[in-house]
Every structure is written in C-alpha cells, then in structure tokens.
Amino acid sequence: MFQDKKARITETQSWGSYFLLRISAPQIAREARPGQFLMIRVSSGFNPLLRRPLSIHNCAGPEIEIFFQVTGEGTRLLSQKIAGEKVDILGPCGHGFSLKPEFKGQEIFCVGGGRGLAPLYFVARELQTVGATPVIFYGGQTLSDLALKNRLEATGWEINFSTDDGSYGFRGLITQLVEEQLKKRKPAFLFGCGPEAMMARLAEICQLSSLPAEFSLESIMGCGLGACWGCVRKIKKGGEIKYLRICQDGPVFPAEEILWSGD
Amino acid sequence: MFQDKKARITETQSWGSYFLLRISAPQIAREARPGQFLMIRVSSGFNPLLRRPLSIHNCAGPEIEIFFQVTGEGTRLLSQKIAGEKVDILGPCGHGFSLKPEFKGQEIFCVGGGRGLAPLYFVARELQTVGATPVIFYGGQTLSDLALKNRLEATGWEINFSTDDGSYGFRGLITQLVEEQLKKRKPAFLFGCGPEAMMARLAEICQLSSLPAEFSLESIMGCGLGACWGCVRKIKKGGEIKYLRICQDGPVFPAEEILWSGD
Amino acid sequence: MVDLSSDLGFLRLKNPVIAASGTFGYGLEFQPLYDLSQLGGLVVKGLYFKPREGNPPPRLAETPCGLINSIGLQGIGVEAFCQEVLPKLALLETAIIANVCGEEEEEYARVAEYLSRHQGLAALELNISCPNVRAGGKCPAQDPEATYRTVKRVKQVSPLPLITKLSPNVTDITAVALAAEEAGSEAVSLVNTFLALAIDLESRKPKLGNVLGGLSGPAIKPLALRMVFEVARQVKIPVIGLGGIFSYQDALEFMVAGASAVEVGTANFVNPLACPEIIKGLEDWAESHGLNRLSEIVGSLKV
Amino acid sequence: MVDLSSDLGFLRLKNPVIAASGTFGYGLEFQPLYDLSQLGGLVVKGLYFKPREGNPPPRLAETPCGLINSIGLQGIGVEAFCQEVLPKLALLETAIIANVCGEEEEEYARVAEYLSRHQGLAALELNISCPNVRAGGKCPAQDPEATYRTVKRVKQVSPLPLITKLSPNVTDITAVALAAEEAGSEAVSLVNTFLALAIDLESRKPKLGNVLGGLSGPAIKPLALRMVFEVARQVKIPVIGLGGIFSYQDALEFMVAGASAVEVGTANFVNPLACPEIIKGLEDWAESHGLNRLSEIVGSLKV
C-alpha cells in the first residue's frame, strides 16, 4: 500500500463518457493484483472532498491504467486531466479476484457491463499468464457503451458483445448471452462486475449452473483503507450476516456471500 | 449595472505576478467610468466563495481590461484563465474619479504603486479626452513591479518611474518623486491608488501643497452592490465620522474624507 | 403552467423564493439587475429603532465553502426606513418583509409597533437570532422562554403576521420553534448564522474586527437542512428554510425537508441573479416532474 | 531543533498531533503507509462493551467542503480490542488513547473499567458526544449534568487520565466543558461532529441509511475554532482541538485559539499522510518563526 502523491499521467484516451488514463506509479504497479482498486484524489481542493475508488484496469511495468465512466463531479474532474499532470493515488487497495492454480487449461468467464469491464481486463490478462482461457462478455446499452471494444478485439480473446438496442453484438442483456453459452460449455469460474441488477441476475445463473463466481462490488468509500467503516454492505460470512467493509474485506466477494439489494 | 455571466476573455498578457485580461462585455463597457470596478467570479465552485473586486483598467469599445497582481487564491485562479474562456462579471460598480470640466488645459497627477496603477490608466486616458494632461507616477519595489512600463511608455504621456532598489527610474519612494515635482509645478488635481501607507503619505503631501486629491480605497467585499455593508471603512463626511461602504459610497473618496489606518 | 405559489396561510407568495435579510440590503440595491417583482418576497436588512453604527471592520472573512460576517446590523433605523425606503418597496409586486431587531424586548416591540403603523409590509421577521451583537451574551432565540416572551410582546403591539427567525446555535431548535409557535408567531424561519471564528495566523489576530461572526453559505447547508427537518415535524405553523441555498436543487431539498418557502442569503453575493435563477429552476423542475403545484413536495421526505 | 512536545500535565505528547477517533480505525490500518510512532498520539475507533453492528448503509455523504457520516460505531467491543489490537498498538512509540462509548452511564463505566485493566493505554477519551446513535435523543454531552454524572462515574472506576469529548450541538459548550472539568476530567477534546442531513432529491430520500449523521471536515472548522476559543478561556484543564484540521496552518490556528494539542479526523481520508505532513509543517513553521517551543503559541490569540 502506497500513497503516490505525484503519480504522473502519461496517456489519456476517451470515448464519449468513458475515459482511460495511463499513470506512472511504480510502487503501486508492482504490488497491484487484478480486482484491487485505487483511491484517487480528483481535486486538490475540498469539492468533492473524498477520493474516488477506481479499479485497476491494467498494469504494465511501472504504469497502471484506469478505465472509468463520468457519472458525477469527481469522475468529471478526473476526465479533464491531461497527460503530464500529476495525481495523488493511494493503492493498491482491497482484495482482488482469486486466481487459482486449478484454472490452468480451463475457460474462465469474465462478464462486465459498461464501466464494469474495468477490473476484468486485468484479470483476463493474468488468467492468460496462468494458462487459463479468458472468455469475455461485454454488455452495454448501446454501441457507444462498448468503449473498450477495439482494445479487447486486439487481444485475440474470445469476446461476446451485447447491447440492449442491438447496435452491436447480441441484442439483449449480457446475462442472456451468458446463460445461453452456459448451455454449451463448462467454464471453471466466473468473474463479474457491473450494475447491481446485472450482477444479481448473473449470481442466480451461476447458482443454477453450479458455476463458482466472484463479483466486484461498489460502495461509497471514505478511506479505502478499512479504517472508517463507511463502505459496508451486508455479507453472509460463516453463516452470519454482517456489515463487512467493501474496501478491505472486498471489493471482490464470492457470489454466495453477497446479499443483493433486491433480495 | 449588469451581470454578464458569459463575458469572454479575448486576450491575456502577463509579467511575472502581474496579469492583464481583456474581456468582451459590451453592456458593462458602455457604462464604465474610470475608478469604477468589477466584481469577478473567479471560481465556479465555492472556494473562494466571494467575487473579487478589480478596477476597470481600460475600456475599448465593447471590451474592458483588468490589470491585477496575484496575491492569493482568487487572483491566482483568475490568472490561469485563458483567452476564449468565459467569466462571470458584475459591473460597473461604485463611483469613480471626478473628472471635472475645469481640468481642461491643466496637469493632473496620477500616482500609482504596483497594482495600484490599475484604475489610473483609464483615468489618464479620459483626462486626455477632456483636454487635460495626465502626468503618471508609477512606483514599485523593483523593475519587475513596473509591469505596465512598456504600455505606458507607448502612450506619449509623461511617466515618472521609481523603484525602491533603483533598478529603474528614481531610486526611492514614489511619494518622494511627487513631492519633488510639486516644488516645480502646479497640477490641478491628484488621483492616487496603491498601498495604504503610500496613499496616506500622498494625502499628507497633497494637504501641505493644497492639492486636491482623490484616492481609490480597498476593502474586502461581499456584494459590491452596497447591500451587505461588509466593506465599510471610517470616512469623514459632513463633519461626522461614519462607516461608509467602499463599494457604493466609493471606492474613490476625496483625500480629506479618508481616515488612514495609521491615523 | 405549474403553480409555484406558496400559501403560508397569513400570506400567499407568488413563489417560495425570498431574498434573505442582510444579504439584500434594503431591497433596492438589486433593482438595477432584475425586476424584484419576480421574487416571492424580500426581507430587508435588520432594523433597530435608531440608526446603528455596526461593528468595526474587517466585517467579512471567507472560510471553506462559507462566509463569516460581523456586520453588527449597521443600519438607518425605522424612521428613515419608513420615510425613504418603504414607499419605494411598496410599489413592487412582491411581499416586503421587515427584519425586526432589538437590544432588548422593549426595543423589538417599539420597532414592530412603529413598522406596523406604515403601509407596505406583508409581514415582520423577528430577528432574535443575530449572533453579531451581544458580546459573549446570548440572543433570545437561544432560550425558549426568552423567545416566548419576545414573540408574545411583539404580537401585543403589532397586527402584522410574524415570522420568528431562529438561531442554529442551540441544543434543541425544536423547543425554541415550539415556544415561538405557542407565543403566537405565524411562522418560523431558520436558520440564522452559526457563531464562528477565523484567525489570521501571521498576525495571530481574529480576521474580524468583532472577533466572532456568523457563518453562512454552502458549508452550513446540511446543518440547516437537518434543523428545518426537525422543526417542520414538530410545529404546525409554516417553516421557512434557509442556510446555504445556492441552487434550485438546494431550495427543493429544503422544501422536501418541510419548508413551505425558502430564503436565499449569501448566494446573492456570489451570484446576484441567484433568486430569479432559482425561481426559474423550480418551475422547470416542477414541470419536468409533472407537478401541478410545486407545494406538493413540501415535507415529502421519505424516512 | 524546535521542541514540538505538548505537555498535557497527565501526559506528554512528542508533538501535538493526534489521529482522531473513528477516522483512524483501530490504529493499525495506516501502518502500511507510515510509521505511526511519528504521531503525537492516536485515538482508536469508539468502543462499546460488546461488538456492535452499526447503522445501515449508506453511511457516508459528501456536502460542500464536508462529510456526513453515520457509521453508528460498528465495532469489535472491548474484549476483542484488548486481546487482538491493544498488544500491537502498545508496541508503538506514541500515546494510544481509547475512545469510550456507552448506551448509558453504566456502559461507559464498564468499558472504561475494562480498558483500565489492560496495559498500553495512555488515556481514555470519553465519547459522550456521538450524534449517530440515539435516534432523536440527546447524548450526554448535550447536557452539563449528564456530562458531570458520566465523567464522575468513569473517574470512579478508571485510574486512567480522561479526555472528555464534547459535542458542538449545544447552546453553550463552555457550560459542558466546565461540568467535565468539575467532575474530574483531565482534559476536554472538541468538537465531535455536527448533526446534519443530506437529501437525495430524485428519490426524496435521505442520503444516509440512518437519516441523520454527523458533519465533519473543512466546513465546520470556523465553528470548531470558535468553540475551542470559548472553552479554552473558561477551563483550566488542557483543551484538545479538532474539526476540519487539514493542514499545519489549521492546526496552528487551533493552538493559537487555545488548544494544547489537536486531533486530525476527516483529513486522514482525503490525505492519508495528513498527520505526518502536519507534524512536519508545524516543525518548519516554528523554526522559521524562531520559536524554541511550539507550545508558546497556545492561546496566543490577540483579542
């Protein structure tokens, strides 16, 4: 865990409301694991006051990447940063996805909705290095939500796209696409990230197919360090239901431990 | 009085900590008189919260100019604006310098220290149009404080420079230079703006020489409209000493009405 | 067309937006910028019986998202107000409210009584909550009994509807609100400013000539909103909410928390067009949310 | 070398900077980022006797220059704290202070008594001022008598020096401070958070699961500074100041206003290195101002 107060942005890319920043932060990059996240200070002033949690989208040598959608003032300010600017980053925070030795030779589904693809790119890359085969599912409302399309297509991985309006890939929900695929193939695991409703439905599907899965959850965060207890959510752990800290006890949790907000 | 929420900056110039912005604000420019000022919103957020009062440095057709020194966060933010950006300006505020018909054919001393020259450029230009002869006194600690040197020298006016360290013009205080000149010539009036101590000393000199004078005063301002009574200062008016509003009853006051902070 | 009006019972405002006392001068200072008849109402600067000198400058200091003031109610007094200002204000098509001050109970009564004898006022706002005048001492709004007494006394001498303005510098603002209601106040407005201190580090002196002052602006919004919510659940008279309202969204939040109308203070400095812009924003919001009457949302917070 | 130490009488801190309760976890969470032995002290998260579930989320909401929290003191309870956490904290070369909570007087006493039986604590901070627990009800720090009783009771059972943490949600904080002093508290710390509300306009629901929460951060600094100034002039015991301290300048302002030491809360979230940076800033400032002992500036405000 490091606070790099002067991490330098080396590259920026954007697609509509989606942005990708590449940032030089060698200490953080060295420790980063897929599913972990950063706490980024978006303003040097007091508005917004708190850092913003963003998944580590990729690591390349001393550099890390973040991929995010502008959803409010904090992400808007971040989106305005240009290459050469410094940002104050804390990380890597939390516990990431479980990459198990037995994944070797197996297919692993990585299912992301919109900005939810952020942590999955990193996990897919790591899966490859351990000899597993990532299968990407990438859903959005419309083509412009599939901001990472080209980047993903360049990897050579199998990618399944869906859009609600059919403007690209399968017309419908990404969960339907996963469900269909599960009729034909037997992945060893599923990693998911995206809107709550999407993940809840995915969890159901996984349970029906006895497919073990992990999801990366979100919550408003104070510290990102496990110190403030502001980010909690009800989690089933060892039979008990408790408020656990998303930042420290997560953000990645096994599907069976999560209580979905619809529950 | 207008609030122009989208006045466009058309040109910027800077010399070290001094900045000049040219801004298109036709309604305000049409009404502006020398010695009046603007209330400028320097941040679209809440820090700093209040507008900053800045003298009207010049008016040219639909455009106005401001000339300022960075002294804190507000002026720093303003200094970072670039041509093309919009600013929210309120003005023209307050009551300016008295330009009397009897000035015609007379010499008028315009004495400014550092950023205090801001309102004097406009007044000198107007003096010329009424047939008076502006004589500029421009003092600073060192050469780099004489940011407007080239601009002034281009006007053809008589300019008397002083610097504390002698790096340009007379070595010493601008007040000494005025005092000396007053031994030789008889201006009809003096307009002054600058640090409190400089103006206080000038007022003394004027009194000794029976030279009528007006000074532009500063104070922290809330509204600039005469509504909050936050900007007051003790002023002698009709025998009485009262808290008057710098923004509305001033910012320009006759020398004899002002109580200097050293008094 | 959405109905924006706010019916306070004793007074019907064309819309719920009122310019707050002390931030809008005697009302006419903003006239050059827009037609004041657009406003739901306006409260003039606090009035004592006699003219007042006010506090020594500096009188203003900025803080994070806030402003501390210690004007100390410099002002022209009721006589000059009624002669020189009120006749002009009376021509406006908006509710004119006078902010009534006093060193002690009797002065409040004298001011209220004097004002009531003149035409043009829609209501009085009883300023028993100004933190800027009594050095170290308390203001009546910091004590339910003093509030009760002052309101009662003013009601005896003035037939005008009374809005009692509450102080946030209290342990339990609902007790003070209930005292005002009980004593016959037709409404309460809250909050006045929070007692605050700012220090200039290098000189080690207070930034304000009066040492302490009152904090206003966005910084206090969540505190004011909490108090409006608490008071609105306790009293039956209408509540006027204020404290850090800068946008129509802020105004709506106060209404959702229980305010029938709102006052806009410090925002007038930052954005002199704040009031008309908020009114426009409320209208657009109500329209886009399919409301017939904006007042439907008053007190609609789901808890 | 400037002497940064702060002598509270019952406790000598190596420097006046203490990490504030609830913003620094059980202390060890910041260990990966810097050596905690740099700190003047650290106050752990509020402790009840038993483990506590805390309030329903969302538990945090941002406001202009501020943060509202309603954690509701979720925590592990004293037993787990003394077994699992305290032994590790005791190894640090900094003053470890436990924040003592209770549903009622007896629980405060039980927690204090339990903690006193263990090694490693330099002092207790009595948290009678948390706005996040009693729905609608008051906390002891909102009443001088309740404060007196609670402090007295805790002093009976615990030999540890006691710092009573005061609530800003009161009419007169000096009365409460004096009550704490009178009951034997060795120091007071102020302020805890200000009771606040934030509303999500579109859903018309409170932003926090618990409806109300406590406001902290830069927004409250001028209010906290005023209260520290008022209290420091009234009590003889040392005052620990907090509320919106984000920089060494902020810390100095509290000291000039009368605080012998300061606590840093919300700033730890925004800048996890806030505490060591403030310590460094204090040192540099004292040096550049030619001070031998930083404590010379305590209470030096010129009024």
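Going in written order, the chains are labelled A, B, C and D, and every chain counts its residues from 1.
The criterion applied here is as follows: a contact is a pair of C-beta atoms (placed from the backbone, for glycine too) under 8 Å apart; a residue touches a chain by one contact, two chains touch by 3 or more.
None of these values were measured; they are calculated from a predicted model.
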Smallest number of contact steps required from chain A to reach chain D: 1
Chain separated most widely from chain A, comparing mean CA positions: B
Approximate Å spacing (C-alpha centroids) for the pair chain B, chain D: 48
Whole-Å gap between the CA centroids of chain B and chain C: 36
Length of the line joining the C-alpha centres of chain C and chain D, rounded to whole Å: 34
Distance from the mean Cα position of chain B to that of chain A, given in whole angstrom: 56
Junction residues of chain A - those touching two or more other chains: 46-47
Shared interface positions of chain C, touching two or more other chains: 64-66, 217-218
Touch-based graph of the chains, sorted into line, ring, star, complete or other: complete
Footprint of chain D on chain B - complex, ascending: 46-47
Partner chain D, residues of chain C touching it in the complex: 63-66, 68, 138, 142-143, 169-172, 194-199, 201, 203-206, 211-212, 215, 217-223, 225-226, 229, 244, 249, 252-253, 256-257, 297, 300-303
List of chain C residues in touch with chain A within their complex: 64-65
Complex interface listing, chain C residues touching chain B: 22-25, 29-30, 32-33, 45, 53-54, 57-62, 64-67, 69, 71, 74-75, 217-218, 246, 266, 268-273
Chain D contact footprint on chain A (complex, rising order): 1-3, 5, 41, 46-51, 88, 90, 219-223, 225-233, 242-243, 248
